[in-house]
Every structure is written in structure tokens, then in C-alpha cells.
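In the two complexes that follow, chain A is the common piece, with chain B as its partner first and chain C second.
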Partner chain A sequence: MSETLIGKRIPKLDAPDKASGKTRYIHDLEVPGALHAKILRSAQVHARIVSIDTSAAKALAGVHAVITAADVPWQRPIGVAKDHLPLKTDRVRSLRDEVAAVAADSEEIAETALRLIRVQYEPLPVVATPDQALAPGAPLIHPEPHGADSSPHLKSAGAPVAFAGKPDNIAMTFEYAQGDVAKGEAESDFVVEDVFKLHYVTHCCMGISGVIAEFDPNGNLLLYSNTQVPFLHKREFAELLGIDPARIRIIQPPIGGGFGSKLDIYPFEPIVIFLAKITRRPVKMVFTREEEFLASPTRQPVLLKLRSGCRKDGALTFRTVETVHDNGAYTSWGATTPFVMMQTISSLYRVPHCQYLTRAVYTNNPYAGSFRGYGNLQATFAVEAHMDKLAEAVGMDGLAFRLKNAQDPGEVTPQGMHFKSCGFKDCLATAAARSEFLRKQAENRARWKDPNPVKRGVGIASMLHVGGGAKIYPSDGCGTILKIDDFAHVTLMTGASEIGQGSETVLSQLVCEELGLPLSAVTVVNNDTDITPWDVGVHASRTTFIAGNSAIGAAKKAKAKILAAAAAKAGVPENELSLQSGYIVRSGKEKLFELGKFLRGLHFSDRAELVMTTFYYEPPSKHQDKGFKGDVSAAYAWATQVCEIEVDTQTGIVRLLKVTGAHDVGRVLNRLGIEGQIEGGIVMGQGYALTEDLMVEGGVVKNPNFRDYKLVTAPEIPEMDVSFIETLDGEGPQGAKGVGEAPAICIAAAVANAIYNATGTRITALPFTPENVYRALHGAAKAPAWSAAA
Partner chain B sequence: MPAGCDIAFTLNGVKRELNVPAGMSALEMLRDKLGLTGTKYGCGEGECGACTILVDGRSMNSCLLFAADCDGRELVTIEGVATTPRGERLRDAFVANGAVQCGFCTPGLMVQASSLIERQPCATETEIRRGIEGNLCRCTGYRKIIDAIATAATEKSHE
Partner chain C sequence: MSVLETYRAPQSLDEAAGILREGNVTVLAGGTDVMPQSRIGKLKLQPVLMSLRRVPELRGICEEGGTVRLGALVTISELLESALVRERLNVLWQACDHFASDQIRNAATVGGNLCNASPAGDTLVPLLALDARAVLVSKPNGKLQERRVPLAEFFTGPGRTVRTGAELLAAAEVPLPPRESVGGFYKHGTRPGLDISAIAIAFVARREGKALRDVRVAFGAVAPTPIRAPRAEAALEGRAPDEPALEAAASAALGEIRPISDLRASDWYRRELVRNMLKRVIDHACRM
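Moving on to the complex of A and B:
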């Protein structure tokens, strides 16, 4: 047998170029003749636009176009709820709102032109919190149809009525119920209730947002874009422009980080397309970092009330959850994260009775998008705090209490999620044992009254997340085209996007494993919608699972064809042949043909046709019904993380010392890649827990820069001990499950439990910055209250 | 338009003479005038390190340096670092240790690491961590970057 590639440490194929500064990101691309675009954003948080005067800007030398909503009466709304016009008509609803845009010979000229645009606003009352938004008589954020409002130019025939408006400020609601929570509560010996407050953070991709748009003389649109969802966005752009989606081609240059931020289209993209259409020139726009902070999406802030109970024997009885999400002024994916949150509420642990209600509420704040973990950080933060509190109430240790309620393989939860492979109990036991969780927890607790102001704490938390794609769309498919030339060189054309996570490497690895070839034999093409097969985008930790199965399918087809031809040529039974180390081998050892030579023969003999196509769609299973019952993924990922911290009670400074993680990943494919995903996720979770805080006051982002928005830096990272639980999922590629989001999910929850273990104080609001922790420890913090105008 | 400045400097070992606007940063000069796009714009205010270059052997944020102030100096960018034996060693270590994901911060880290191990060939883990604290990375969690720099620092035989 040739040596397997599975589980090995495979360096990323694109790493040498990236480390040499040779990789050309969108910011590095120069299209000859391109104009540079800049956007004028609102100077008001909430206001009526009285007038816009662009005449001075238009008169500036080097300016090719200045546009406002009046210039694009055919624009259509974008976003998940189609409540967002790229260029605002009569009203601005947040400080990021796009009022006008300029295309000029240079960025400097465009910048100068912006300063010459005069906008007159009439301020409206600012809705700064969901509480204010839900109060009786609150100003409405979307009071009337956009596009058919007071602006006369939008009343012209054929102008689309964009959005019907909303009679209240509720953007979206989710309700879910299983069993009977009143019965569950009646059966409970212990009941706890808390309100949790989760804050604003944002993605901070190092590669900031950008786009280049260009029309050819036939009206075909070429877009260089950082999108994570090229195929579905083609349709969105086509609807926006009223053109055939087939006339849109999206090329994704290497992407400087995604983390979910590029899952939606944002106004700057249509606006650049409008400018390209109007000027008939290529137009490029790249954000500044400040703009990235102000005008790219956030993780959704949530106020969450959780009531849970259990019996004396430790069995959970019920959970009642109500949440209010600050949706911001427009609806992007953030509003839909309750869909993921309810899975953790209902199915991370066995809970017979659950009730869940959430409302995403419009405010004049920045709007929330999709961000690694997708609501699960918030839900896990609350659920795992209550697992600790109930364990303490019952008098069980936190590990035994969790093991008692943890899911087993084969279970179908009341929500209808089917856990075919499930290493949850192994994750719990492994992380607890490797970190000596129980011993340390007892020791730390015994030191609560110790005079030393610096305390140690250890906390545990676990998570459940989709690991086999996500049935968000009617299909979760991904296609592959695989061709093999006469030197046994393979080109893998996949619908899966590379955003830094290493998909092109792991897909190559899976193909080479089937074909017995070295990784150097593969070229991956994954960034051009005119070439690559259809896919629903990189999200939901789905790429290795879905695109991996698709790539394996194509490689298997190629292998079958090659072996059939070899069997015929050598006159031996096909089932005795295999592909190993670049040879066609009989009985596992006898080299019959060198693969490259054999393929050359096939190509010249006209019988090769070594172009394989496959599509993988998630296996048939019961999709969720309207009550959210059913399966959301073909497989589920599990993890437990134990966090060890030090709290200085005199300063409130919390240091994360060590994270011991155990992850059910199905199977490790690329050990180097999976370690990188998990370490990066842990540190992102650390930032969410301890340092990151997008401060929004009255709709104004107070800290749109890296000086005041604190990302974790190298000196602060914890020691990381990561174990892999290999449950070999039956449907996964080589048994693997998705892992991209998992490692970021439990850190904040585990740190909260560790702070309690260190100090005896439970803090239910994030982030754990020195100021917030100090206040909480010294009785100066107000615990989050459930008012929410409910 | 303000008058430009005539400057002369060495860039990656080659003498250059240029006229630059007074307000232009070294980063803009490198990327927009000279086409050296390996040096990245990450924040424009010296907080992220993506634009790190060597100026007379010292690592600096090129976004905070005026192009005009490059007159008479010796500049080395990632394109220059990558072709030195130390740069090649670092590149191989970054690749082998999995220190690269999206890669946007990587050129700045490569330059910073090159400067670090030149100054401190026997840098400890703590010194490496402190040495790259001005470089932000959102993907990797830094662990593998630290390992890569330590690997390159210990493999001195190539130089």
C-alpha cells in the first residue's frame, strides 16, 4: 500500500506564495483604466434626507460620476429581508448609511469630491436600543415602503416598490417548542433563571472589504469579489440589476479572511456596480480600516433570559428562553442566528421540555451579519452557565452533571436532530482528564477566602454545531470537475471557496488519496463562476464535508475508468488493481504501468475522456419543518473546552492561561490544518470573552480602529492542548466532520465558569474586560435586567 | 497640488530615484508607485503591522513613514526579505509549521520575524511573542507563527 495522506501534516498549497508577498489580493489588483470609488456615508444616525447637492463634486476635475439614489431609480433592496436599498432615498437609518458615491481617476480625487457634496438632514429621534425600539410609540425604523416614498423621482413608472415597510420594529421572530415547559418546571427540584447580555464584536478580517466591477460592451458583468457565496450572489446581483444571472461572472481573488462576514452582499458592492454601469469603466473600491469597522457586519448583540431546571438526580427537566437581538437598521444573516441558537438550547444536552422565543429588533445601530459560530457563542454562554449553576444546586460536580445529560450516538432529539456519530461524552471526559479539571476546580474553590488577591479559576463548557453541511437552502450541494492530463496531472475544479481555511489543500489531499498521487500532481481551480461548478458557498463549517465528498466522488470515477482500461490492457481482473504512488499496481505490489505513461497512451488512443464530473448533495433526511423539527445537518460536531484563568481581583484583569480542548471532528484529515483552525478559533473566542468590544453609543461606533478595539496579540495567547476524538462519521469524507466554527464557540462560556470558580462571582454580561470584571467583583456592576419592553 | 519631493534611496538592493507627493506614505509609494504589493495596508495607523518593512535594518510600519523621509535610506520589503537566505528559511518554516492561513498578515510577520531573529538569533518563546506583538493575525491564533519563527531561528546552519 502506498502511504496514506490522511491525518498527515500537509502544508497549505498557497502558503509559499503568501509568505513571499506574491499573492495578489483584491487590493493588489490593478485593472487598466479603472476608476476609484468612494462612498459618502450618513452624518446622522437617524434622519430624513432633505436635499443632496452634488454639483460641486461633479464639477471637480477627474470626477467621472457622482451618484445618489435619484440616479439609480431601478435599484432594488438587498439583504436577507430585502429591507435595504444600497443608496438611501429619503432617510438614513444608521451612521454607515450610503448617501452618495463618486467614481474618479484616483482615490484622492474621489475623497475630495465627497467633501464637496452637501447633504441637508432633518434629524429623527434615535432608537439606540431594542428596549427603546419596542417601547410603545417608538419611532419606526422602516415606516413606509422604500422606493415609493416622498422622493418624487422614485414614483416614476416602473420604479420598484422596494420594501413594504414594517408596522413595528420587529425584524424577525423565531418560536420553537417541544414538550410542555410547565410540566417540566413542575417536575423540577431546582430552577434557576438569569439574564445574559452579549455584546457587539466584529470580524476584523485583516484583508479589508473591496470589489472591482466591469461591464463588457454586451452588458456582461465581471466582478472581482471577496464573497464567500459566489453562485448565490450572482442571482442577487442579477435581480438588483434586472439582468440575466448568466451574464454575471464572479472571480474571487485570494481572500484575506472571511469568518462569515462575506456571506451577504453589502451596499458598496451594488454601488460600485452602478458606477461601473454609469461610467462604462471598470470601477474599484477598497475600504479603509475605519470604514471596515463602521460599515461591515457585526456579531449580533443579544439579551437572553434563560430559565432552566433539573431533578434531584441531576436530570434536566426544562428550558425556557427568550431573547432580543439588536438587529441594527437592516436585516442580514444576524437576524437568523436564533435558528442555530435553538439547536444548542434543545439538543446539546437532553432536555425534554423546551420553549424558545426570539425577536430581532430594528434599531439605528450597525447591523448584524453572520460570524463564525452563528449565534452559538451566545446560546452556549447562557446554557453552560446554567449547567454549572444547576450542578451546584444538585450537589454534583460539573463533569458528572454534564455527563448525565450529554447526548449519545444514535439519539434523535425532540427537535429531530439525529446524532449518527457523537463523541460528546469522550470530549467531556478527555478535556476534563487532560486538564485535571475536577482537582483544580476543588482547589480553586477552596481558595475563595484566601487573602491573595490573584485567584485561579477553571471552567468547562461544551458545544454542538453543524458538522455535515447545513440545510439552510433547499440543497446543500457542491460540484466538482476533475480532469487528468497525459502526465497524470490533475486539475480539480471545485465550487468550494478558499478563504484561508485550507479547503484547496484538504480537497487536493482527498483526491490524491484516491488516485495514489503526490499533492504536487494537483492544481486547484476554485475562484471563477464561469469555470467552477455550482456551490452554495463557504459557511456553516460545510466545505470539507460537502466539497470533500464531491471531490472524492470525482476521483473515484477517474480511478474506476483508469483501472478498467488498465485491466483490459493487461488482461487481468479489475478488482486486483489499485493506484499507488503514481503506478497502476496489481495485487498491491506488482507495478503494471507508470500512471503518466499509461494515461498518455489513453489520451492518444482517443479513449481517455478523463474529465469527470460529480455533484454531492447532503444525504436524504428529514428537513426541518415549519416548527423547526428535523435535521439541519448530515452530521454534528462536538467539543469540550476547559479554560484556566487567573483573575487579579484588585484590577479586574483576567488572563487566559490554558485551554484544553477535545473535539469530535469525525476524523483528522490534515493535522496541520485542523490544528490551525482550532488554535485560531480558540484565540478568536478569547477575544470575544476578554478584549473585543465594539462600543456603540446612540448609534455611534466609538472605537473604529485597532487601538481602541483590542484584538488578542501574540503575548496574550493561552497554552493550548487540543485532542481529537475520531468518531469516523459514516457520511463524512474519509469519516471527517466540519470543524471551522467549533473552536470559537465555548471559550467565553468556559471563561465565565472559570471566573466563578476563581471568585465566587458569576458574571452574566460580556466582555470580561478589566473594568467590567472589577465592577462585578466589587459589587459595582448592575446585573443585566430583562426589561425589553416585553 | 502640493509640490513633490525628489528622493533617492535603495530598495531591495537597487538604487531608486523618485518624485513623490509630500503627503504620500512609504506604504503608498511602495504599493501604488512601485507596484510592490507584498506590503499590505491593514489599518493605516500603525496598529496592525501588515505594512512592516525594514528601514536601515529596523522594522517599521510603512504606513506611518512619509515617502519623502525615505530619502537616503535603505528599504527592504517582503519582496527583498523573501529572497535572502534568512527569508527563505523563514518562508519554509512558516509553510511547514502551518503559520499561514488567509495570509494577509504574513508578509508583515515575515519581515518582522526576519528583523527579530537577526537581532536576537537565540530569541526565547517570550521574546518571540513580544517581538511580534505589533502584528495582528485574525486566523491562526499566533501559535504556529511563534513556532515557525522559533524553527527558523534554530536552523542557523543555512546561513
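Moving on to the complex of A and C:
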């Protein structure tokens, strides 16, 4: 047998380029003749636009175009609810709003031109919180249909009214129910209720946003874009421009981080396309870091009321959840995160009765998008706090209580999720044992009254997340084209985008494993919609699972083709042949042909035959029904994380000392890759819990820079001990499941439980920055209240 | 928009002071304040940008006759590497150990830190506690002139000092504290590096048996300038640093600070920190 690549530590294929500074990100791309674009954003949080005067900007030498909504009457609303015109017509709804745009010979000229644009606003009352948005008589964010209000050019152009407006500031609602919560509550011996408040954070991709748009003389559009969803966005851009999607080609340069932020299209992209169309020149736009903070999506802030109960024996009885999401001024994927949150509410632990109501509410704040974990950080934060509280009420330890309610393999939950493989209890037991959770928990608690102002705490939390794709579109598939050339070099063309997560490497590994080739034998092509087959995008931790199965499928077909030809040539039965270490081998040891030589022979023979295969993988999952029930993923990932912290009660500083994680990953494919993914996720969760806070006051982002928006820095990164629970999922590629989002999800929840263990104070609002913690410890914090729902 | 016309790099203090006298000059040392501040429009660059980097008189750390002279161009890294600073001005050394990141420390100068006069400037607080003086140089009528200003009188507001536009800061002079003195520095930020102080505390005193003598307490980021806290000092003078003395000092300090609320902390939290951490800083310093 040739040695397996599975489970090995394989450096990322793009690492040498990145480490040596050779990677050409969008910033580095120079398209000859390109103009540079800048966007004028609103000077007001909420206002009517009275007039825009661009004449002085247009007159500036070096300026090629200055556009406002009036110049693009054919623009269409974008976003998940199609409530967002790229260039604003009669009103601005947040400070990020795009009012005008310039294309000029240089960035400096474009910037100077922006300063020459005169906009007159008539301020409207600012809706700064969901509370205010839901209050009776609140100002409406989208009172009228877009495109048919005070903009005659849009009315008369015969453009359809694309967004009808919202009479009540409610952008989106989700309702889910299973069982009968009243019955569940009646059966409960203990009931707890809390209000949790989750804050704003943003992705902070090191590679800031950018795009280059170029039309050819035939009107075909070429986009260099950082999107994580090239195929679906192609269609959105086409609709926006009213052209055939087939005329759009998207090339993705290496992307400097996504984490969900590139799952939607944002106004700057259509605006740059408009400028390219109007100037007939390539147009490039790259954000500044400040713009990245102001005009990127956020993780959705949530106010969440949770009521849960259990019986004396520790069995959970019911959960009632109500949430209000701050949607911001427009609707992106953030509004749909309840879809994931309800899975955690209903199915992380066995709960017979559940009810769940959520509303995403328009405000004049930055708008929320999708972000690694997709609502699950928020839901897990609340659920795991209650697991601790109920355990304490019952008098069980936190581990036993969780084990009692944890899911087992084979379970089909009331929401319809089928856990064909499930290592949850192993995760719990492993993380608890390796961290000596129970012993430390008891010791820390015994020190509550100790005079030392610095306390220690340990907290546990677990998570459930889709690990086999997520059928949110009618298809959740991915295509592969695989070519093996006359030197046995493989070109793998996949629909799956590489956004830094290491998909290129793991896909190459899976293909090489099938074909018995070294990793150096593969080139991956994954960034050009004219070449690569279809895929629904990088999201839902789906790429290794979906694209991996697709790549394996194509490799298997290629292998079958080669072995059939070899069997015919050698006159031996096909089932005795295999591919190993670059050879076609008989009975596992006898080298019949060197693969390259054999393939050259195929190419040159009188019955020449090329090895080129295609495969399309569609996971065996189901779209949910109207009641949000259904087995939406082909596999589910599990994890438990134990966090150990130190709290200085005289400053409120919480230091994360150690994270012990146990992850059901199905199977480890690239050990180095999965370690990196998990360590990075832990640090992202740490930032969410302890340091990161996008401060939004009255619609204004107060800290749009890395001095005041605090990402975790290297010395703060805790010790990590990560165990992999290999459940070898039957549907997974080589048994693996998706893990991209998992590691970020439970940190905040586990830290909250650890703060309680250290101090006896339970804090239900994030982030745990020193002042917030200090206030909570000294009775000076305002506990989150449920006022919005009134 | 500011329009830069000339870049000057004088090679002597005399030449530098001469250029400054001509006017319309932005002085550049390490640039770690000048560059970011001019980018965001907080600082308007003058037509002449004058780099001090080649002026030898502004360099170096030396001790003479019981006074330590820190040249204005001395970087934070150089302070950290200096045995004299580490052993005899340890409270300053501790502040440097919490200053920014290695990259910034290599560029940032003590002169720039003092002239930038941020209430949160990290070297300002220990230098105040060490009774340092600013040495200011100008060339009003063809001849170099020096004047010395105690640091306690140097700062007049956020970003403002008594230095005139025609003066350069040449050095900070620090009377060498006696060997038996103790000192401690505390900076409150959320992370070990790269953070701006939400509050800073410096404490210096001499031990006479159990008692504290020549007590000096300074705070950063709790008033428009870094400040000394004379009443807190008086509360400790001649007393052993026991709980009642520490409590008295903390209460006195609360009457001397005037914190504001900003992104980094509320005024209430700053007060709490001053009370809790002044006691801890003194207690730690005296246990060493």
C-alpha cells in the first residue's frame, strides 16, 4: 500500500507565496488604463437628500465621472431582502450610505473630487436601537417604496418598484415551534429566565474590500472580485444591470480573509460597475481601513430572552426564546441567522418542547451580514448559560447535567435533524477530563471568599453546527472537472473558492489519495467562473465536505478510466489493479506501469484517449419545510470547549489562560490545516468574548480603527489543547465533516461560565471588556432588560 | 490640505534651532505621532518638515553630577536597553516596558512623547514622578539659548506645553534618585502591548526603615495633563505603607484627579481604578 496522506500535517499550498509576500491580492492588481473610484458616503445618520451638486467635482481635471442615483436610473436594489439601492435616491438611512461616486485618474484626484461634491440634507430623527424602532409612532426607515418616491427619473424610466417599503420597521420574522411549551413548563421542577445582550463585532479581514470592473467592447463584464459566492453573485450582478448572466465573468484574486463578510454583494461593487459602464474604462476601488470598519457588515447584535426548564432528575423540559435583532438600515444575511440559532435552541440538547420567535428590526445602524458561526455564537451563549444555571438548581455538576441531555448518534430531533454520526458525549467527556474541569471548578468555587483579588475560573460550553453543507438553496452542490495530462499531472477545477481556509490543499490531498500521487502532482484552478464548474459558495462550513466529495467523485471516475485501460492493455482483471505512488500496481505490490508513461501512451495511441472527468456532488440533505423542519445538512459537527480564566476583581480584566477543546470533526484530513482552523477560530471567539466591540452610538461607529477596535494580539492567545474526535461520518469525504465555524462558537459561552465560576457573578451581556466586567462584579452594571418586545 | 514644500535634516542643534526660528516648521522625531495625526487631519503639516534624526546633541543617555540626561531623540527601545535607566530610573523603565510594540518603540522618542503632551503619554507619568525637567533650546538672536522647566509646569493641556514654536526640546533631565528608593508603574489597558492608557500611575519614594520619604505620585489619563498628586503624596509622607496609609492616599488622590469619560473608560471606572491600583502599585513596590 502506498502511504496515506489522510491525517498528515500538510502545509498549505499557498503558504510560500503568502509568507514571502508574493501573493497578488486585489490591491496588487494593476489593469492597464484603470480609473480609481471613491465613494461619497452620507454625512448624516438619517436624512432626506435635498440636493446634490456635483458640478465642481466634475470640473476637476482628471475626473472622468461623478455619478449619483440620478445617473443610473436603471439600478436595482440589492441584498437579501432587495431593500437596498446601491446609490441612494431621496434619503440616507445610515452613515455608510452611498450618495455619490467618482472615477478619476488617481485615488488622490478622486478623493479631492469627493470634497467638491455639495450635498444638502434635511435631518430626520435617528432610530438608534431596536427599542426605538419598535416604539409606537417610531420614524420609519423604509416608509415608501424605493424607486418611486421623490425620484422622477426612476419613476419615469419604467423601472419596476423593486422594494415595497416596510410599514413597521420589522425587516424579517422567524417563528418555530415543537411540542407544547406550556406543557413543558408545567412538568418542570426548575425554571430559569434571563435576558442576554450580544454586541456588534465585525470581521476585520486583513485584506480589505475591493473590486475591479471592466467591460469589453461587446458589453461583457469582467469582475475581479473578492466574493465567496462567485456563481450566485454573477446572477445578482446580471439582474442589477439587466444583462444576461452569461455575459459576466468573475475572477477571484487570492482573498485576504472572508469569514462570511463576502457572502453578499455590497453597494460599492455595483457602483464600480456603473462607473466602468459609464466611463468605458476599467475601474478599481479598494477600501481604506476606516471604510472597511464603517461600510462592512457586522455580526448581528441580538437581545435574547430565554426561558428554560428541567425536571428534578435533570432532564430538560422546554425552552422559550424571543429575540430582537438589530438589522441596521438594510437587510443582508444577518437577518437570517435565526435559521441557525434555532438549531442550537432545539437540537444541541434534547428538549421536547420549544418555541422560538425572532424579529430583525430596522434601525439607522450599520447593517449586519453573515459572520463565521452565523448566529450560533449568540444562541450558544444563552443556551450554555442556562445549562449551568439549571445544573446548579438541580444540584448536578455541569458535566453530568450536560451528558444527561446530550444527543446520541442516530437521534432525529423534533426539528428533523438526523445525527447519523455524533461524537457529542465523547467531546464532553474528553474536554472535561483533559482540562480536569470538575476538580478545578470545585476548587475555584471554594475560593470565592478568598481575599486574593485575582480569581480563577473554569467554564464549559458545547456546540452543534452543520458539518455537511446546509441546504438553503434548492441545491447545495459543487462541481469538479479533473484532468490528468500526459505527465500524470492533475488539474483540479473546482467550484469551491479558496478564501484562506485551506480548501485548495485539502482538495488536492483528497484527489492525490484517490490517485496515488504526491501533492506536487496537482494544480488547483478555483477562481474563474468561465472555467470552473458551479458551486453555491463558501459558507456553512461546507467546502471540505461538499467540494471534497465532489473532487473525490471526479478522481474516482478518472481512476476507473485509467484502470480499465490498464487492465485491457495488461490483460488482467481490473479489480486486481490499483494506483499507488505514481504506478499502476497489480495485487497491491507488482508495478505494472509507471502512471505518466502509461498516460502518455494513452494520449499517443491509435485510439487516443484523454483522461478528463467531471463530477457533481449533491449532498443527501433536505430543504426545510415552512415550519423550519428538515434534515438540512448531510452531517453535523460537535464540539466542547473548556475555558480557564483569571479575573482581576479590582480592574475587571479577564485573561483567557487555556482552552481545552474536543471537536467531532468526522476525521482529520490535513492535521496542520485543521489545527490552524481551530486555533484561529478560538482566537476569533476570544475576541468576541473579551476584546472586540464595534462601538455604535446613535448610528455612529466610534472606533473605526485598530487602536480602538481591539483584536486579540499574539501575547493574549491562550494555551490550547485540542483533541479530535473521529466519528468517521458515513457521508463525509474520507469520513470528515466541516469544521470551519465550529471553533469560534463556544468560547464566549464558556468564558461567561468561567467568570461565574471565578466570582459567583453571572454576566449576560457581551463583551467582557474590563469596565463591563468590573461594573458587573461591583453591582454597577445595568442588566439587560427585555423592553423591546413590548 | 497641507502642502509640504521642503524637507530639512539639520546636522547640529545650532542649525536645527536656526531653521526653527525661520518659522513654518513641523518638527519630526520618530514620526509616530506626526504621521498618523497629519493623516487624520489632527496635525496640520507646515511647509517645512524638519527631521531631527541627524542632530547628535539630541542623542544619548548619560549621568553627570547626580543628573541623568535623556536626549530628546532617545527612543523607547534605547531606554529599555539602558542599564542606568533599568537600575536607577526603574519606574521609567517599567513604563517603557508597557509602551506600544517593538516597531513603535524603535522609532518613538522620549522627546516626541513629551512634546506630544498626550494626557496618556506613557513616559510623562514616571518622568513627572521623578521630578524631571525639560531642557528647551532656541536661537533667538543668533545664539543658542537654554531654559529649564520642571515637568510639573511643562504641560498646559492636552497636546499643549509651555514650549514656544521657536524652541526645541533638547533633553529631559532627571535628578538621580537615591539607591534605596522604590518605584512602581501601572498602566491600565486591555492588552499587554499596543494599548493607550486608560489610566497610568507612577510612584516613587525612599524607604527610611518602614517609613516612606520623598513620596511622589503621578497620574496619567485622569486629567487634561499628566498630574502630580501632592495630597496623596502628603498622606503617605513619613508613614509606613500599611492599609490605613494606602487608603488615605487613595482617598486623597480621588480629590486630585479630574477624569473624563471617553472610548477607553468612563470617569467612574477611572476613579475606581485609581483607588484600587494606587494601593496595589505602592504595596507591590514596597514589597520588592
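Quick note on the criterion: the second predicted complex is superposed on the first by the 771 of 790 C-alpha atoms of A that agree within 3 Å, B and C clash if a C-alpha of one lies under 4 Å from a C-alpha of the other, contacts with A are read in each partner's own complex, and residues count from 1 in each chain.
The definition used in the following text is that a residue touches a chain if its C-beta (ideal position, glycine included) is under 8 Å from a C-beta of that chain, and two chains touch if they have at least 3 such contacts.
Worth saying up front: this structure is predicted, and the values here are computed from it rather than measured.
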item: Touched partner set for A:P770, first chain B, second chain C, both or neither; value: second
item: Chain B versus chain C as contact partner of A:H418, first or second or both or neither; value: neither
item: First (chain B), second (chain C), both or neither touched by A:R600; value: neither
item: Partner chain(s) touched by A:K404 [first = chain B, second = chain C, both, neither]; value: neither
item: Partner chain(s) touched by A:R707 [first = chain B, second = chain C, both, neither]; value: both
item: Touched partner set for A:M695, first chain B, second chain C, both or neither; value: second
item: Chain B versus chain C as contact partner of A:P715, first or second or both or neither; value: both
item: First, second, both or neither for A:T651, with chain B first and chain C second; value: second
item: Partner chain in contact with A:H778 - chain B first, chain C second, else both or neither; value: second
item: Chain B/chain C common contact set on chain A; value: 707, 712-713, 715
item: Contact set on chain B toward chain A in their complex; value: 31, 36-45, 47-48, 50, 77-79, 82, 90-91, 94-107, 110, 126, 128-130, 132-146
item: Complex contact set, residues of chain C against chain A; value: 188, 190-196, 263-266, 268-269, 272-273, 276-277, 280
item: Chain C-touching residues of chain A, taken from the complex the two chains share; value: 453, 650-651, 653, 690-691, 695, 702-703, 707-708, 710, 712-713, 715-716, 769-771, 774-775, 778, 780
item: Contact set on chain A toward chain B in their complex; value: 9, 11-12, 14-25, 27-28, 203-208, 254-259, 288-289, 499-502, 672-673, 675-676, 679-684, 705-707, 711-715, 717, 720
